[in-house]
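Both complexes below contain chain A, partnered by chain B and then by chain C.
Showing the complex of A and B:
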């Protein structure tokens, strides 16, 4: 009993890190430009397929494919920004919600036609290691380590680089940033690109241990919403903790009741936090 | 001519459009046309209902299908388990949806903008996940009607006919409701909330209660549509009852025709459904139907955010008198 508990706890926590960076992409975009990116889920799914085809098709090792996927994600995000979001960035939120959802429809429509909805999985088995009594799957452990690395990287990027400072300046006050010479359109495009990069990387990591289809993204998008709200929308660091909380819930709930109750708890929690503490459990900005 | 006359002209135009769709299969005596018209009318009813909240009040519900699904489940349960007839089941579905909207409204209508939209997505998913676990409603496998139930209506053929007439009736009711809200003092309060909620409050609109009633009004008809839709369908399960995509399609229809107008959602729903039918049967576009709808949505959002009716009103100021 105790073993099973510890095991599902560890599994949940490791998964939580990966969910955390997915949510980080969503909440970065929300925090900087006040856009809820409804194409997030399909971008996660594209990340899964990118790693899959680079590995199965070209024989590139999944973790190197992940780097290429990150670059592709960044470029793709910038393109999406200029085509779909830039024109409506100052319009009421309905416009940006629908603009990003239209991108979601296009990706899913074309993706379903190309990839069909047959489940895929990446045939990668790195074994597992034993910590005392508990066994941890290597792919999950590596995914968690990479996720933490990505999160730290993002934090350092935002804190110490010039583009990172620009992003923080635009977050604080877009008009004032423009006055002092920050190129806000490029900064917003970069932010959207980074958000897409995070989505694609998290998708690629999830694909190394879970089977997926082009439609799998929706589940992870909804999880990202829950995590984003837990950690505070617009608070990327909070997302990592939000991810851990969600991972814990997913690890612990099945011990007490049937697994199918997990989403009920998650979404009830989601709505409650929106109502009680819309800035998340850790305060967040504003 | 008085202002009232022109306002009425707008109502007749909307009702006329609904009647043309409703009479088309009756005149052509074609069962296939009737199925198409049923789909179009249910889309019109759902879009016009959501328009009361989204178009008039300015609150974007991304999970409005929850009322369709919940009303559908309650209606289905009363027919299948309690043995009620379709009329009572429809009322039960509508009332259940209205009650759900009232209770939810008290809690979530305090949220504004994107937070409200997120909360509605969360609620739809929470209700779907709950019903997935709720044994009396059949859990993940849902419920299936006993075929004998249609006997009370003179067989399945007659039941389908009856359901279609009910659908026409519901769509007429929702059109009148939408027109009444748009032209009433209550509706004026909603429009004021849409433009500036704080200013509306200062000017004496009791915003919490107005918003809540708008939410309830926008939920009743979807609940009734859900009840008859699943009675016709003969089976119900969580995936069919709460698809997030349908919620967003309702918004697309409203945007296409013009949000905040009476005629807009009717034209938008009819246009969208017709286009989708065409794309679905065309061998070239069948697989890309979703992508093409996405392109269409993006073009509307970027270039004609007011929709067809809104664009006409802006472009030709003279039509504003009779086109609302």
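Showing the complex of A and C:
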């Protein structure tokens, strides 16, 4: 039993890091721009397909493909911002919600037409490492390490670079930031780009070990919402911890009851946190 | 200003109507297989030159061109298309009264969705005037389609659908070609027992679908009767991609053998993750996925995995074995079917392909026996059918579960390595085995 717990714990934690950066993308956009990005799930799915086609089509190693996917994600995010979000950024929140939802429906529609909904697999086998009875798959371990790297990278970027400081300034007070010369439109576009980058990278990582379709992103978008609320919406660092908590739930709950109960518990927790600590366990909007 | 508005509304209305017209589903006529000359030589039955009266029978079905059943469904339709192509190329079926019957297929993409299936089968019957129906792939979709076919009194040959329950609803015109689900994994239990009488703990993990649940429930009962201790019996949701928690649970249960699965995607993902996590089990038998040639894409993860199959190219059914069993032989031999299929699609057929083909073949035999395309006469011929084909024995229940397949039997395959390459071998039943089983599973 103890072994089983340790195995589940490790599985949950590794997956949790990847969920964490998916949620970070969602919560960064929420925190800085007050926009709930409902195209988050389909952007995760696009990240999956990007890595898939770069690997299967062009023979680029999945982890190098991931870097390209990150760049493509950033560019695509900026484009989405200027096309769909920029005009309504000052409108009530419902407008941006609907705008991003429309983007979501467009991506899903075009994606279903192009990629169909036939599941894909990235045939990547890097073996596994074994500690006693516990076996850790390399692809998941690498995904967790990359996720931590990306999270640290984002933290350093926000803390020490000029654009990062601009983003924090805009988060605190957009009007004041504009008065002192911060180009707020560019900063918001960059933020949306970063959020998309995080979604695409997490999608690309998930695709290295789970099969996927263009519709797979929805599952991870829902998880991102739960994590976002757990860690505090608008708090990227909290997201990483939220991801770990969710990963642990997914690893440990099935040990005690049928696995089909896991999402039920996750969403019960979601509602409970909203009721009891609406700012999340780690505080919102820092 | 107002005039402009009227013009604008007028334009919009016209544009709307044009779009609506374009948006209507267009039937995708079955793609003609790239038939070669050899395929014509292996035609299922001999017919003579066309006579004065020629009729064209419409066969309606849906195919999962998208969605999770895409893989299996495509092969099934390919098999059926091959049969249609062969029959038409040789000039149709000649009936006793001289009438020549040719076939036309009308099919749509059902997106692997039950709702879509009901709409499309209604359309096939009412709009496309299909004379006979072939089921979609999977028990779930066939169950949806059967409601419609029965409502309109149409004969439907159910292939790719093994669930028993479809045939316990009192339907009179649905005929099953596959061995029913209740017999799917029982042979895998027998095989395990013959390999290692010391194994006692078995875990069942299965997709929460009509078909898989029916299979594992029957297999569990059978295993318990044989003295096995079922240490885990748990379903997973459709579309599950992460089996980590299940694998941990299996390991914790101390199971030595794992059986279950569902369809191709989840089954191959499960096999892959069991391999990656080096789950210490001796025996793994999964539904549907292993017999599919694409299963070999898993590489070493496929090695040693056992799977029940409705048909394998190496299965030894022949006119001679028909004679020995006192049955009528009908249609091409396995070798002829494989040759024609390979020539048409440039890949090996699997049991889904054979199932699609045999649906056509059984319909052909029924029409020939009936000497007519009259539904009542064809139904009577199907009820009486008792034949051996390259697919195996075909006979239908005509009493308590009308249409249920009672002639056909499963065979079990295992992926083994020969000269460094993965090959599919028949390992059970012993009479039909092409290789000794690989045991225990090595990860």
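Criterion: the second predicted complex is superposed on the first by the 283 of 286 C-alpha atoms of A that agree within 3 Å, B and C clash if a C-alpha of one lies under 4 Å from a C-alpha of the other, contacts with A are read in each partner's own complex, and residues count from 1 in each chain.
Note that in this section a contact is a pair of C-beta atoms (placed from the backbone, for glycine too) under 8 Å apart; a residue touches a chain by one contact, two chains touch by 3 or more.
Since we're looking at a predicted model, the values are computed, not measured.
> Examine A:167 and indicate which partner it touches, taking first as chain B and second as chain C; both and neither are also allowed.
neither
> According to the stated criteria, A:99 is in contact with first (chain B), second (chain C), both, or neither; which is it?
In the superposition, A:99 touches chain B alone.
> I'd like to know which partner A:112 touches here: chain B for first, chain C for second, both or neither.
In the superposition, A:112 touches chain B and chain C alike.
> Identify the partner contact of A:229: answer first if only chain B is touched, second if only chain C is, both if each is, neither if none is.
First partner only.
> So, A:189: does it touch chain B (first), chain C (second), both, or neither?
neither
> Given the touch rule stated above, what does A:29 touch, chain B (first), chain C (second), both, or neither?
A:29: touches no partner chain.
> Considering only touches as defined above, state whether A:123 meets chain B (first), chain C (second), both or neither.
The answer is second: A:123 touches chain C but not chain B.
> On the superposed three-chain arrangement, identify whether chain B or chain C touches more chain A residues.
Per-residue touch count on chain A favours B.
> In the overlaid three-chain picture, which partner chain does A:260 touch, first (chain B) or second (chain C), both, or neither?
both
> After overlaying the two complexes on chain A, where does the chain B footprint on chain A coincide with the chain C footprint?
Chain A residues touching both partners: 112, 258, 260.
> In their complex, what parts of chain A are in touch with chain C?
1, 3-4, 7-8, 11, 15, 112, 116-119, 121, 123, 125, 128, 130, 133, 135, 137, 210-212, 216, 250-251, 253-255, 258-260, 262
> Using the touch definition from the top, list the residues of chain C that touch chain A in their complex.
65-68, 70-71, 111-112, 208, 234-237, 241-242, 244-246, 248-249, 251-252, 265, 268-269, 273, 276-278, 297, 299
> In the complex, go through chain A and note every residue touching chain B.
Going by the criterion above, the answer is residues 30, 34, 36, 84, 87-88, 91-95, 97-99, 101-106, 108-110, 112-113, 218, 222, 225-226, 229, 258, 260-261, 263-264, 266-268, 270-271, 274-275, 278.
> Taking the touch rule as given, give the residues of chain B at its contact with chain A in the complex, in rising order.
54, 60, 62, 107-108, 110-111, 113-115, 117-119, 121-123, 125-126, 129-130, 132-133, 140, 244, 248, 251-252, 255, 287-295, 297-298, 301-302, 305
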